[in-house]
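Order of writing sets the labels: A, B, C and D. Residues in every chain begin at 1.
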Amino acid sequence: MAEEVCVTVWNEFRHERYEPEVRAHYPHGIHVVVAEFLQALPGIETQTATLDEREHGLTQEVLDATDVLIWWGHLAHNEVEDSTVDQVQQRVLDGMGLICLHSAHLSKIFTRLMGTGCNLRWREADERERVWVMDPGHPIANGLDEFFEVPESEMYGERFDIPVPDDLVFLSWFQGGEVFRSGCCYRRGKGKIFYFSPGHETYGIYHQREIQVVIGNAVRWAAPAGSARPTFGNRGPLERLAGN
Amino acid sequence: MAEEVCVTVWNEFRHERYEPEVRAHYPHGIHVVVAEFLQALPGIETQTATLDEREHGLTQEVLDATDVLIWWGHLAHNEVEDSTVDQVQQRVLDGMGLICLHSAHLSKIFTRLMGTGCNLRWREADERERVWVMDPGHPIANGLDEFFEVPESEMYGERFDIPVPDDLVFLSWFQGGEVFRSGCCYRRGKGKIFYFSPGHETYGIYHQREIQVVIGNAVRWAAPAGSARPTFGNRGPLERLAGN
Amino acid sequence: MAEEVCVTVWNEFRHERYEPEVRAHYPHGIHVVVAEFLQALPGIETQTATLDEREHGLTQEVLDATDVLIWWGHLAHNEVEDSTVDQVQQRVLDGMGLICLHSAHLSKIFTRLMGTGCNLRWREADERERVWVMDPGHPIANGLDEFFEVPESEMYGERFDIPVPDDLVFLSWFQGGEVFRSGCCYRRGKGKIFYFSPGHETYGIYHQREIQVVIGNAVRWAAPAGSARPTFGNRGPLERLAGN
Amino acid sequence: MAEEVCVTVWNEFRHERYEPEVRAHYPHGIHVVVAEFLQALPGIETQTATLDEREHGLTQEVLDATDVLIWWGHLAHNEVEDSTVDQVQQRVLDGMGLICLHSAHLSKIFTRLMGTGCNLRWREADERERVWVMDPGHPIANGLDEFFEVPESEMYGERFDIPVPDDLVFLSWFQGGEVFRSGCCYRRGKGKIFYFSPGHETYGIYHQREIQVVIGNAVRWAAPAGSARPTFGNRGPLERLAGN
């Protein structure tokens, strides 16, 4: 508890290199902005990794040293190697936290862990998103007001094809008429997963205070916790079976 | 509602062909016994399919005509083609019910839909399993007493590496000292999934009255229901965005 | 299953007697409109009961013969006798379904069964409510499209101080900027509870087709089901404790 | 987070005064033992309160200064004043944690917050209870092995008439043939509630290391967290309603 939480911020890092509109908001990449505001929090150590590094920057060594992995991807989900997805999934089941941001809803790792299509409705129309706190006692909502607004957002709307969240922390209202489960917690194996939808690359959403508060809270919530790693397989009885 | 529920009972059908002890209980295969007791219920039509048929007996045509698919597999999970798993998963997301029995916890289709390892502890020791009803108002428990016993059962014990069930209908007690979430409901996409653990091939468990009651109830619960199939993708606003 | 579901529609029945605007929509009371459209469905038998009848029309005899109780109240929650609330709660725990409509969120019976304050934000501004299906495979959503609209509705908005629903069927969007969990399922004891929020008395909402579809579906979902009534108290062991 | 968690341990404190068998385990009362092992943990401050003190030791002042309230009661649930129950319930909804131990399942405050009967099967037969971790990543399971045993325990068995827990942390196996949801989490309002069943007064269960670990973890989990206190009632629109 008193120890540092080691966070790896993973980013596809394509938009920022090729699209001036995105680069204007994130000149060094979304991952750098996210890593910086997390690094400024007490008890959090960050590093980054990106798609085009060797093994996507996610060697087994890196994963083994990661307490919480943050994932941002959009254009190139299919370029992520299945072997990396296998390793990340196993680490989550073994207790690593995973925070999937925005368009990571269609990443291989998120759909793999959900088991569903994870599709949704969307629209880019610079419209207002109002994020309501659904679970005011949840640690991921620490320090927030009853709701906050994202002035310009990409609409992500229901039906969002996910399993029912284990905790539903945020619900978003959109100007154009939709609602969305924008902050969803899952427990899978020993690991905790948080999906948080605001974060379209053409807006400076990761510079917004409330967004940073949520992601910081989510890191602490998703940090490894719990009992001994479960063991599986053929086991002798714990009680005498005599007289069976 | 008044229409027939079309059930396809799928079986790996290997044990029964090669192991006399299993054949003694299920001379024509587990699938035939399950299909027969379901067929005897009003409003249910059954057919069977097995691993060694062409496309495992699960062509797109068969799947499209199936309301509820029952799955029993054990030795040969890996022989099921990924293309079949893809098709079954899609049909579940589109509303087909799926009932996974006993060792199907490690089938490709179940682990795919769960997103976790689905592993557990097990022991073959002919011990008593007492199945407790956890949700006495659940339709899958219709007609049961507060608990029932399986006189000789394979132990399946926690930790069972599954997502938290949407409904937990049964909890099992084992003589040797373990507990197990033996009846678990999931909603995935438009589809409903029920996992039910009793059913080891060397015991005549599918001949037991209570087991047949549970599977019959589960078929009715898992039959397709609900609203229009959700649509996804880029969508115009439902409300005027003027003044945005 | 093939038997009739006996529904008692309970109404406070005050607004309709004293307010012309309400009487215009429901000249004989909301309960009569609800009972009539339910009565028209196959397999449903209805009767009504109102606050100002003896024992509020809910004698033990009436309750014992009721499979599903529908509750509409607003002005006079406190006039409902605690003894009636006790009896209704016990019947729910014993398996009777309960459907609480609109302002029944603050009824004694609903807050008693929830254990929370059940408060919310509200506004009467004739604004549009768009009701989104959150669980497209849920039987209460049978026959609906992906969403439907209530052209003029009272706003009920989050934070809604309820326990996390066992199933969340509907989520509403409001023109003025709020979201609301408008269709919530709970299992309590052997009974099933459905809360459905659209239904303000100054609009003709219970005349709308989709609203009637939802309530009809909810009646079937909430009808008694399940295993034997649980027994409690001091019990001898089911297994030998020798050698303990 | 860095601040102290203020815990009030409430005990009925009757058994220990009148029954030598109980006094042998808890000469100064169960509350003193629980307070002492919690006080030894970093970041936790404890005080105690008992039934026979003025206002049961739970004045509004005491409650307002309490982050987490622990409750042990058995013989005298009915002697707790309703006004105290009202105050405790409101504090829970406002964010205070509540940990209900063993026979507190029938306390006024627990049944009030659950909305159900909270009854169960029980037996005093000095039998072994094996407590299995159901949710190995849950913070309440921190530091435990896959299961632990209570050598002599009172059996508490299903059907336990509670709402489906928001998190199910522990499941118990009993020698005599029953299972029990022995560690259950609920979120109600802004508050968190944990029910933990081991703890019969005639055994020295609260002296057992694992039991102390669980209660210590539960205190940290239940400590107040989250967003601003929700506000309710009549509210103006957040968006323009022109053109409505």
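We adopt the following convention: contacts are C-beta pairs under 8 Å (C-beta built on N, C-alpha and C of every residue); 3 or more make two chains touch, one makes a residue touch a chain.
From a predicted model like this one, the values you see are computed outputs, not experimental measurements.
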* Asked: Which chain's mean C-alpha position is the greatest distance from chain D's?
  -> B
* Contact-richer chain pair [B-D vs A-B] -> A-B
* Rounded Å distance, chain A centre to chain B centre (Cα mean) -> 31
* Find the geometric centre of each of chain B and chain D from their Cα atoms only, then give the gap between the two centres in Å, rounded to an integer. => 36
* Asked: Multi-chain contacts in chain B: which residues touch at least two other chains?
  -> 130, 133, 135-136, 146, 159, 164, 166-167, 175, 177-178, 187, 189, 230-231, 238-239
* **chain D partner contacts - residues on chain C that touch it in the complex** => 89, 93, 112-117, 119-123, 125-128, 155, 157, 159, 161, 163-164, 166, 175-178, 186-189, 230-239, 241, 244
* To do: Please give the residue numbers of chain D that touch chain B in the complex, ascending.
  => 130, 132-136, 146, 158-159, 164, 167-168, 171-174, 177-179, 181, 240, 243
* Structure fact -> Within the complex, chain B is touched by chain C residues 95, 130, 133, 135-139, 141-146, 166-167, 175, 187, 189-192, 224-231, 238-239
